[in-house]
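One structure is given here, and the rest of the page talks about it.
Lettered A, B, C and D in written order, each chain numbered from 1.
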Amino acid sequence: MSYIAKPKVSHPKLPKNKLGLTERDYEGSVSTLCAGCGHDSITSAIIQAVFELDIEPHRLAKISGIGCSSKTPTYFMSESHGFNSVHGRMPSVTTGANAANRDLMYVGVSGDGDSLSIGAGQFVHAIRRNLNMCYLIENNGVYGLTKGQFSASADIGSKPKKGLANQQEPIDAVSTALSLGATYIGRSFSGDKEQLVPLIKGAMLHKGFALLDIISPCVTFNDHEGSTKSYAHTRQFYHHVVDMDYIPPAKEIKADYEKGSAMPIKLHDGSKIVLRKVDKEYDPSSRAKAFKYLRERSNAGEIITGLLYVNEGRPEMHDLMGNVDTPLSKLSLDSLRPPDGELERILRGYR
Amino acid sequence: MAAVNDVVIKIATVNGTGSASANGLLRKAIFRMGVPVVGKNFFPSNIQGLPTWYEIRVTADGYQARSNRTDLMVAMNAQTYAKDMAEVTSGGWLVYDSTWPRSQLLDREDITVLGIPFSKLCNENFDGVRTRILMKNIAYVGAIAALLDLDLEVITQLLEETFGDKKHLVASNMEAIRIGYDYATENFPCPLEASVMAMDNTKDQVIMDGNTAAALGCVYAGATVGAWYPITPSTSLMDSFRSFCAKYRVDSETDKRTYAIIQAEDELAAIGMVLGASWMGARSFTPTSGPGISLMTEFIGLAYYAEIPAVIFNVQRTGPSTGMPTRTQQADILSCAYASHGDTKHILLFPANPAECFTTAVQSFDLAERLQTPVMVLSDLDIGMNDWMVPEFEWDDEYVPDRGKVLSADDLDQMDKFYRYLDSDGDGIPYRTLPGEHPKGSFFTRGSGHNKLGGYTEDGSEYQEVVDRLLLKWETARTLVPKPEIIYSKDNKAAILTVGSGNGGCKEALDRLASKNIGLNYCRVKAFPFGEEVKGFVEKHEVIYVVEQNRDAQLKTLLMLDIEANPDKLVSLLHYNGMPLNAGFVVDSVLKEMAKACAA
Amino acid sequence: MSYIAKPKVSHPKLPKNKLGLTERDYEGSVSTLCAGCGHDSITSAIIQAVFELDIEPHRLAKISGIGCSSKTPTYFMSESHGFNSVHGRMPSVTTGANAANRDLMYVGVSGDGDSLSIGAGQFVHAIRRNLNMCYLIENNGVYGLTKGQFSASADIGSKPKKGLANQQEPIDAVSTALSLGATYIGRSFSGDKEQLVPLIKGAMLHKGFALLDIISPCVTFNDHEGSTKSYAHTRQFYHHVVDMDYIPPAKEIKADYEKGSAMPIKLHDGSKIVLRKVDKEYDPSSRAKAFKYLRERSNAGEIITGLLYVNEGRPEMHDLMGNVDTPLSKLSLDSLRPPDGELERILRGYR
Amino acid sequence: MAAVNDVVIKIATVNGTGSASANGLLRKAIFRMGVPVVGKNFFPSNIQGLPTWYEIRVTADGYQARSNRTDLMVAMNAQTYAKDMAEVTSGGWLVYDSTWPRSQLLDREDITVLGIPFSKLCNENFDGVRTRILMKNIAYVGAIAALLDLDLEVITQLLEETFGDKKHLVASNMEAIRIGYDYATENFPCPLEASVMAMDNTKDQVIMDGNTAAALGCVYAGATVGAWYPITPSTSLMDSFRSFCAKYRVDSETDKRTYAIIQAEDELAAIGMVLGASWMGARSFTPTSGPGISLMTEFIGLAYYAEIPAVIFNVQRTGPSTGMPTRTQQADILSCAYASHGDTKHILLFPANPAECFTTAVQSFDLAERLQTPVMVLSDLDIGMNDWMVPEFEWDDEYVPDRGKVLSADDLDQMDKFYRYLDSDGDGIPYRTLPGEHPKGSFFTRGSGHNKLGGYTEDGSEYQEVVDRLLLKWETARTLVPKPEIIYSKDNKAAILTVGSGNGGCKEALDRLASKNIGLNYCRVKAFPFGEEVKGFVEKHEVIYVVEQNRDAQLKTLLMLDIEANPDKLVSLLHYNGMPLNAGFVVDSVLKEMAKACAA
């Protein structure tokens, strides 16, 4: 979209990952978002995560709806297949794509408007199916691209630049996902890359529906005083509750975790994540308790972040359906037809 | 008017009382006697307790449409006795359950009323409420068997096929048949003048509904992803696909499936899933009906503009809005042809019967992948849910699917750089790649402005270049879609032109008109856009009776728009009350229009 | 829809309410649902409730989507205005109607398919607005009208008549409504008229969004063994947690409630509801605690019923918006125009 | 080609840098000098940091369209220097920020390049990053003021009006004006040959965009419920409605509102809300654009069939799909006319400029209520978001709204029984009642099959009676919708026919063609269905150039379908690259087509 050609200089000294690629190789076109937009920080966290995970770019599909947030797939991994679909419908496109080819990695990027208003139905149903994907909501409390209307994630009392404060109950993506049974649920902040990168890694490797609700301030329309989705407000009320480390398959868990507060979980590819509970009371394995904790804290104005719930045990969509391991799109059409001559036999039943 | 092997039987019952299997038994028995039949179901939009009718036309000539006669009415539903009796064609018969006297049945003198105490007989012979109700249904089959002289051997055999090992069921059903049969034989002069006589006109024919046939087509086309949201009258398409897949798509060793049927949360999601799956290279489809199409509108525009294959079956019902969900119509032609905002047009395929549903289903995937665009198969309730006798489908085991212009990993290896929307071949169709295949294949799919390289653009001329190419692709489509069925009776100036389920009634009308010495030519379009053949046909004639099943002459509209057919010579014959077309309507309308033209 | 004409006999001995109407006067056309359908029992509970509340039929609007459940507004209150809209969109039609005329009483009837699949987005957003209406989900776990497919409320493990058991996480209307902040939330059973009638009365008089999730077995497609929405299963696992009594405006609270377990709540029209807690641990005033309780019990297979959450304090849509008391549809158009000659003044700003 | 009071100024900047107010100041200053102007905005579909242009056409003749010239380019955006320079019309001028040298600017010898070190000057005179950026914008206004000889008094006055009490802002802005003004005066021969000279051609005119005007129309029509989902380019319509309501619809005593604006969760909900509110008797509307229309499709069909008034503003943008959201087009005509499955057709109104947006908005409510059906107002981005000079709107304080056939409580009192869908007056329009008014008024609204009494039906002839009446209503609509604007130049055989925002460019083209001695007649349609006048006009001419802004000739399509216009005489001139129409395109295309016809 930009009129500036992207410099394609080679940087021999940049670190390389196992595939021999540098972080540069995971970049996309130059962003056309506003300078300082939270979404750009998330883009760079994604780039770091996929670089560190040694993901082959063309084996990842990035899908989005419409909005400033939904534009970001253009800004990372230009060697991946991208699909910028229609407003609020990323989940269904991803569901179909995944149904056809279960072997790719799916990253869906959405906004709070895209997922919680027009897309609310598709969002909840993707969760129900435990669709194997990493679902990112870049949450700024407003519709950025249409110039700053409140979205459904706007908090009660949050003030717009002009006009009256929001009075409607917000839809909280995290508690919605908890009540619907998403199997990996985290919340974070675009300004907290340290927390964000491992969360994204875990979300990508989790087998099932992984939701990250990432507060991502809109500097143009929702970063003023009185906004509860501004950088300042988020920093002030921000609490880590369960942090996590990502540990690649080969590595052993080395760090010295305080007893009782660490919880290692094995992912399907052999890698591990270790949850580090900041609040020891918190139980990231119980939907009921997590929900209660979150509501009580959010009533108190706190923004609770980290990996808030995880359940590696539930089968994802294909396994629920009992599908073959080979991606359906790779099966030769010949192999899918009834045997030669079978039609005649079938038709006999209709005489 | 009824005669041997030319009878219309209509059975009036209440839905949810299990009459469907009895009616099927009757229809099959006649068919097995080698006599062609047509089976039409008229059912309410509810589940249980309302009037429902099944109509069996016995037609030695093998006509496919409904007739507008009712020769033998089997009035099993007291709620509708009066209406049912009124409907019997003069000279016909009415059978009713005489367990309770119905004095009002003596109203008509031009028909013969035959009372059979079905309830009483069944109560005497069977136990249990449910059994008695079911057996009453079988008993009327027995009575009809006597009245029309059906072959009891054939009926026995059918029952045996149905119940297999469950011998006691065969026995009890045969007993019910006997009860009806014997009562009729003893009390009335059997058979009636109009009866069924074995012949050999159903060889190599099957009886099937269009939704089953379309589902079978999807299986043969190699479709793997079906996403849908239930809606009458398309639901049975996915139900059938599911049954076929359960049989042919489960790995016998691992018990794993090679298909994914996803019940979506609504139609917006169903079409989104189809696009996602097609983008990944799977053959994917969704069956739906009018309201579903309306909800898919936005996504259909995306598929058109981003050039993603998709197969949509629209089993049309009576609109607008919820309309009459259990009645038929062809009134989504226009909204499908131009679905979605902005400049769009879409390929439509029009099967005329279940046999064509099978072949058209296969074709639709070939065309969608070849042309990289949505293809809509416009069937309707009449085709989709009624029982049609059609020739056994043929399948060429050598069939090679057309996957269209998809670059393989090898192709990509040899390329310098891949651009998504280049028209390298001059046919308006660009090359595509499948995600995950090759690093060089990646591109960005979007519904926003893009240039021929696949890049985002807001530049007017880059934008225009792409949408202009889509017009060229449309011209290519015109050459690839199925050609019309054309019949010349003699080289005259008038013709009938129709589409889809209009076929049966129109062909029968041609015969009837011919018998009045009116020989009309015939064209049945099978696809939109229209090819040269349709254009030539329209140009060649001075008057064309356009027969279609909607109020607004939607097929005529497309003819005017797509091939600039002169509206002055297109005379619309519109049938849109929700009932399947019958030849009588066509004949009468043609005669009326001819008279009008002469008077003018 | 029926071919049977409804007998319009007068029944002089039937009891009359304050308006002089009998229950008969609140009936509608003869039902065309299957004999034994749970939905018909709910219809009769509605009729009893509105009769007892002395509601003027033409001052109530009944709105629905599409489905067997959505047909039922034809079967009650034939003197009320009805709107059988399109599938899943009852909430938006009701929102618009209510926005235009806040003075009528709104009863929305929906099914689990209608509200939790195609209508999920509208359902959650009506809750967010605290739309003043009584929202009934006649929940049978299937799509009745399209012949028995599982709906999104089908429980994991619930068996269809033939085929495989459902494996997808259900969407629970009650916990969804809790997480979104509905202000009156109850669950009941079509077979429990005693519980249902007062719940409906309270829901009608509650000022704000009142949801009743009513298990309503589908005798034709989902009443067999193995189904978790059958009459038998529901009866077996059914637990009252918070029952309620409805007390008309004039009446005083008389019944002798056990201390600590009764909780009277005043409704805006002066009537009262008294909550009777069957399980004393339960707290119907805390969303956090109610959610936790419900999830834990439902994990244990229990069906928790009664008035599960209530909050009379939150303003409903019009009050959130600050609207006049007069229904907008009743304002004369003249009164809505800027004063005579004002256009000229406005236009001056555009020179 | 530029001359006094005939200049096109184009300012290239980056969006989000506050240039809009500077550009507005410039446009207003010229307008206040009594010289007609046209203001067009070309902006990207993002929020900040991308190239954006504002074009001011100074046109003594008061033409309303864009010109295809660029006489004075103010190139403030280094990213687009090259492109911007290439665009300057031969003989024109290019102003750029010479703080940094731009050697490539010497490329063209046929234009005059004027360097002004705006950044340097502003850095020297102002403090703070944001202030410097804003003042640079004001400084270029100052420079243009000098180059074109604008009245500094007028500019001062405008700044005073803008900033009111904030005297320091007036002072600093005037300083910025001075900086640019003085630099230009000192370094270049000012004014240029093409300049602005005060005249008296803007009396009783205002400058407004169409969305503001439509919003004002909604206020005057007495609309109380607006439901919407934000979408470019319709968003500002609801923003304006909100501002007007904040002023005129808040009770001064209670501070309570007499309007409800509901930001819906999506467009499906927005139209659902409109139907709910209209059903209750409120005047209700929704503004949207293409994708929104696609999503509203199902509900639009319900409104048509259940006969519920609804007003929908479709501010069209470039399709299909997401297309180019910040570019204009008229490509939703067909999808709006026949929106929804089943047999449907809808009333469309086509305002041509903001003044008509105001009156059309009022009319749309009258028609929707009179005809009990959805009325779609088809505006577009060009009308909706650009600055048009139009005559001051008139408002008749005696205006009596047409609420259509609504029975009052009194009417009902006197009736025996009310039936919803009876055609008592023979005009196809039944009577309706409002919920809550009267016990006798109740009826059941449904999108499923219903008979003329309002009862549910699945009976074919009852169903048909109702849909046939809808056709009669359509004919009534034909007589009620606004008549076309028709201009006869002389009684010749050729004419231009256009719609909506095509008006300005076509009228200017008529003048230009007339100056070449080609006198064409003119018809601008204002509504669908077309009335007698349009039909008569089309019939009277041998050749009609149909000018429209879409690829597929959608207006021509409607002419063919609705009044069976002979396509042979309809010559399409299609402009669909997303830019507003300009007269040059029309003139060139007409000449080309005429040449072709002569050659043939």
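The rule we apply is simple: a residue touches a chain if its C-beta (ideal position, glycine included) is under 8 Å from a C-beta of that chain, and two chains touch if they have at least 3 such contacts.
Note that the structure is a prediction, hence the values are computed from the model and not measured.
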**Item:** Chain pair showing more contacts of the two, C-D and A-D
**Value:** C-D
**Request:** Select the chain at the greatest separation from chain C, using centres from the mean of Cα atoms.
**Result:** D
**Complete:** So, in whole Å, the Cα centroid of chain A is separated from that of chain B by 43
**Asked** Using mean CA coordinates as chain centres, what's the chain A-chain D distance in Å?
**Response** 39
**Request:** Could you grab the centroid distance between chain A and chain C? Build each centroid from C-alpha atoms only and quote it in angstrom.
**Result:** 35
**Message:** Using the touch definition from the top, which residues of chain C touch two or more other chains?
**Reply:** 1, 84, 86, 117-118, 120-121, 124-125, 129, 152
**Message:** If a residue has to touch 2 or more other chains to count, which residues of chain D qualify?
**Reply:** 44-45, 265-266, 291, 298, 302, 321-322, 446-448, 458
**Prompt:** Chain contact graph: line, ring, star, complete or other?
**Reply:** complete
**Message:** Per the contact definition, I'd like the list of chain C residues that touch chain B in the complex.
**Reply:** 1-4, 32-35, 66, 68, 71, 84, 86-88, 117-118, 120, 143-147, 149-150, 152, 220
**Request:** Write out the stretch or stretches of chain B touching chain A in their complex.
**Result:** 31-32, 202, 205-208, 212, 216, 219-225, 227, 248-249, 251, 254-260, 262, 264-266, 268-284, 298-299, 302, 392-393, 395, 397, 401, 403, 434-439, 441-448, 456, 458
**Asked** How about chain B: which of its residues touch chain C in the complex?
**Response** 16, 44-51, 79-80, 229-232, 235, 263, 265-267, 291, 321-322
**Item:** Residue ranges of chain C touching chain D (in the complex, touch as defined)
**Value:** 1, 56-59, 61, 63, 73-74, 78-86, 89, 91-101, 103-104, 121-122, 124-125, 129, 318, 321-325, 327-329, 331, 333-338, 340-344, 346-347, 350-351
**Complete:** Listed in rising order, the residues of chain C that touch chain A in the complex are 117-121, 124-125, 127-130, 152, 167-172, 175-176, 178-181, 287-289, 291-292, 295-296, 299, 315, 320
